[in-house]
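Labels A, B, C and D are assigned to the chains in the order they are written; within every chain, residues are numbered from 1.
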């Protein structure tokens, strides 16, 4: 086009010209990041080639030579004998170039009826299916460890907190089982996400499908995909499956940050409810006495990466026109980083749980501070016929009286209590017993031992059923 | 506690003392925000009271009077005759106070065996179940509108884009159906989320359950919940169901932002593929000729609120100790804002789609620029026996030649082409026909009319089945 | 354009046609949100009209009538006598329409040589300048309150924490002054941001400037802007000044969330370092004994809104082509919400600080647990000639011995210590005195009273200087 | 503590015991990430040791041996002869261990009167000061390149866009200079941030300062810090300086994403305003004709990482109690990633700008579509005495007439125009000339060549002044 013009470069360009190709190469290459997908890339290519042969798009013998070559390349990468080069741009090209060196021109037939646009999502989906399964496995192991602890310590009582204030007495096991519920939901979310990952994209080609008589359902069967994508434009434009995964892990990481927070609080001098094994703590370079719950702090802190990765990809995808845009290459850094962050957290937390000491006495002592049975006393009055709100107010006054006298509810005399309300009788002593109070809270899902054990058994059953399948 | 001391206030306090209660009240009150939950709050209270009576925790007649009072309050709020007051703190207290005015002390029995901690999640879950259904309805309507357009315009062709560059010719309908697929996944995600919202929290009380002999499964049946929560600490600490919803809507909003982006591009002078009805555009206060696609820009822009709301609540929940903390009150602003933002977007986009004009000729003309059939030519060579990568290179050279001569592939003579590769024969003309090229791409999910129609029918069936149930 | 076609609407449209204009109106209108800018909008219009008259673009008498009309409108809005209507679209049109009703056709001259594109940023900049000043004022008041507390409690000692473990003894005042430093940086960031807000945008018109002989520097003088924007395209495309403000407030909110966290911890039964006045706490609807630090929890939780607002606008602006796009209208919700969230937090925290009780004895007692002087003992050995790392190790062993024996460093005999290192002599007793240990840490910025008082005086001076100007 | 108990491990632990130390080590180690700080760590240690000697805290000769050792270690790392080991935990320990191997026990004296808590922020501040300077340099180079282009192409005209619709004609150079203004603000923000990075933290030790008679101002002078931190608790707790940097770069990245968006649009077949050099584009693996603006797409996409990193660290810091917590170790990943992402973007964009071709004719032709001079015509009527809003309406009608007749404003006859308004005369032809229209917009900051050149000169001067200093 004659009408176009270029800035007279001599004046101010020059130093770039030589470097340009290298600058651009290293700016755009993704090989450093996506090479970890090599096994999935080769697995996908082998299935693709088998299909091409079955459909007679390429010859059987050509297919066999290509497959042989791909397998050799996989072995080389497995054993570390493969040299990646930034000029290969991405994992797809790296493997194809290597194949060319091995089997010559024939290698070029591999890319018939596909594009890197559908190939990369194939790799990502195969990879993510595996990783979701891995992560679910780690969560279930964590649930198992929590449940075991809950069973062992079924008789340990402690204050339950709302607003970080003493609220009502609970079983420590009831607390632990709250997390098995959160993690169950995390598993469910990941399983739901998995359904949407488990869809074959290959055969969508660049964006419009292909004129070659391919058989996508055959490829799906070879690779173990439940479904085949229905619209080729959507298929190459879509990163929902990654976003949904990053969201599910963000919620999981939030749960973990709360667990870490509680255990950090409980390791403090002031709470002193638990002691974490030395192996999971580190010291200070300046303060000889320090034993820091670093592992828990890092668990809590790393939620930052996981939230950040979600927002990263949401930003990338915002307002992109259809179909594929190169921006989408940037999906891999957040995906890999989230996986690399969450897996060690889950592993180490399982390990740490097996190495904590419970300060049973300190937990139990704590239930005697803070008037934990005030609700029980109010409920007692309700049973005697007083409307709840009135009972609430009456007990509020008794608590105030105790505070002024430096007494606890348990140590008040019946007479002192009757000054506030003559519905109170000797039977109140039964009420003001922490362990009995816990046992009484036997509503479905409540903290009573029988209810807590019910959930323990249910979770054990869930985990067992899982192992069987 | 004698040892405590207070800063000598005279020196520097003073002006606050009088205002304090009002400042704190307005700082902590949520009534302005949560009053929209009133119908659900009353619905939940009625079910709770019915259960209390059935379990003989309160008397039948008391229950009836409470229920009658609650119904009257609902009527008053419905008709706008109810006065909300910031001193009521939250919707629960506002209703209970009103009940007290109506039926006196008896009102106080309503709060037996529950807490605001489980009551607020009950309200939120009832509300969110309704809103998820509403949003799914709006998405399905949007899918229906897209599918209708796809059917009407089944013969309109246009360039398909990757990297915003002309890639391959596609059907406009194929493009539209890509969005029905995205929105299908959005529906699925919301349905999966719904399962986890559909769990009764009531009866978890403050955090530990209750000693009253309540029947949570009965309440669940009355209110239409599929499940009953299993651990009371988890129940009052959990906001997963909101986070999951906000994540699902964030992905939906991302899809909408992409659609808006495309349609804004297509409304530009340069693309000129579509014209949006004047009713959906606004003018400029200074430039008389302007007709701006404001509605689409606002759709694209409002994804910001929806992403922001997700990160808002993720931040709130990060690192919170169990169980309930007041921070969690802040879940309502992002939840309501996301719902209030997404619903009008879905409605207006359905309306807008019914008011666009398609510039069929301009779209078709555009397919003649940019060598859209280069892939087809390469595939042609592959069929003639040339390996794909080599064919790709050969066509690349032909394209370069065309660019220099100012020609298109379609207007090259066979001879000119044969200069590059003597595998090319007269039958290539068949290949270089845009409409035929589209029809050829008949792989599953491809852009060929038969494939596009297949998906149209499938989606029509999905929507129909839905209406039946 | 004949070639365009419209979907045969009868089949599936219909119900929208009548509603369309209203739907679109309410979807695009911003009047509900931007009406709060009215005073700035009118202030800007008056300055603009004065300039138009001075430059003889409109007649002096016309200008006077317009100004008179605008002032009347302002009075009406001030007193609540003005009726806003959604059909007015935005605050600019609402005022112009009202002006037209007042002074007729002449009103139309007001919009000469300007556009809503530059007008809205004018309003936002005027508004934000005021609000930044307000927020800085609130922060300085908070710094003043912290400093007063620090002065009053200069003799209160407590454990300093790292990893939430006891680390070294500190002055409570030293802790408080850490926050005056954080808040000083917040002020600086807001002041730096202010410089970039303080730039006149008006006169950039739609995007390209104007042919009218306007005098932008005169308008800047009238409105009190330091600078005039240099490029009209940039001026209407730019929302940096809001993003920078939202970032600065996000960091401020983070500081506040940390303060709230500490004070929530300290209000727990286990720490019990402080007691917050009843006026700043709320109770429980079910547990009569509860006194919850709700205000602090809400401060901590509301950081979520403020983070969310930042990411909201970052998302909106990502990838927008130049110049103005309607997406940018969505800047106001996050801006206003951040301002409405942060101001009450700052106010209430100042008030709360004047209403806390310090449990001096409990804080001091806590310094005796956790071997807070281990570093001092190590330093003592270093002074005696032992390399630091070796001293660190030696003290580590002594601490372990104490733990096993249930002793503290202070209660060990010289002999017991000498078993670990014979460099230890009687002079070590001086070292193992908490108050002396604090006084010794007199390095610049250290916790020694003299250093803490130095900073107190410095901050007092800063605040005083501020008041003078 | 006798009262503590440990879960009977035999049952379910076991397999972890052997691995534990390694798992924890690799979970907590930061050496892989923070080793890049080695030069700053050594620089800081040398300054620290010099001060210890000057203050006679250690002997001159000891200091010299330590310094000698540190310099050797730096050389070894520089040349790649140093072996990092994950068991070294972090860069501080790695260097100290190496020093010990070199000079024996004496190495232990290095850590006198400091802690890793103040050491790490020292390293980060030294590092960030350098990187801010580097980034500012790259931005200024980009501004220089934009300004040179603006100068060369000063006579190229194009449509200015609002809402991506043709709005008014502008100079291409005016567009380019809008970015020099955005980038100027980015530089200012980074310079303001720099002031708050340029503060010496060392000497704050663990959190409380030290009893050793250190001289922090001397260390500040040695290391080139303008200020010394004022409160030791704040100093080790503070990561504001990183958050502020991440915010500033997020805004910068947003600007870059907008630039990329515009240039991607302009490279499309439909706009065709510019052509990017082949060296900056890549092709397609399947479509031989493709030339994709990958570099620009990646610039746009990578804003995701940069936004994500900001949210990452904001999340980490939210609600952390004072002072140092291990969570804060997680600041380095987002910091380094943002720096590693933004620098290549800035470099490559400078390079790309030197390799674009401008399609001058196409840009100019585009100004003839879309009634770009409608505002000018309205202004013409205003000058003739018509109020602006009325003129706006009149021109709106003329535009509508043109659209129906398929004419442009420039080709209408005077008579046709007078049908709408008889104020129109022959002098209107002058008005309806694109180039003249541009020249007329000579208000300060407007698009007229003289105004655009004024800013070009101003920016040239800014850049020149910078080079001098």
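Here is the rule we use: a residue touches a chain if its C-beta (ideal position, glycine included) is under 8 Å from a C-beta of that chain, and two chains touch if they have at least 3 such contacts.
In this text the structure is predicted, and so the values were computed from the model without any measurement.
If you take chain C and chain D together, the chains in touch with both are A, B. Between the chain pairs A-D and A-C, more C-beta pairs are in contact across A-D. One finds 32 Å separating the Cα centroids of chain A and chain C.
Once the centre of each chain is set as its mean CA position, chain A and chain B turn out to be 23 Å apart.
Residue positions 111, 117, 162-164, 167-168, 205-206, 265, 284-287, 292, 294, 297, 300, 303, 307, 311, 314-315, 318-319, 325-326, 375 of chain C each touch two or more of the other chains.
On the side of chain C, the complex with chain B involves touching residues 1, 3-9, 11-13, 16, 19-21, 23-24, 26-28, 89, 92-93, 111, 114-117, 145, 148-149, 152-153, 205-206, 275, 277, 279-280, 282, 284-287, 292, 294-295, 297-298, 300-305, 307-316, 325-330, 333-334, 344, 347-348, 350-351, 354-362.
Residues of chain C touching chain A in their complex: 159, 162-168, 264-265, 267-271, 283-294, 297, 311, 314-315, 318-319, 366, 369-372, 374-375, 377-378, 392-396, 398-399.
Within the complex formed with chain D, the chain C residues making contact are 96, 105-113, 117, 160-164, 167-170, 174-175, 177-182, 185, 188-189, 192, 195-196, 203-214, 216-217, 228-238, 240, 243-244, 247-248, 250-251, 254, 257-258, 260-262, 265, 300, 303, 307, 311, 314-315, 317-326, 375-376, 379, 382, 387-390, 437-438, 440-448, 451, 455, 458.
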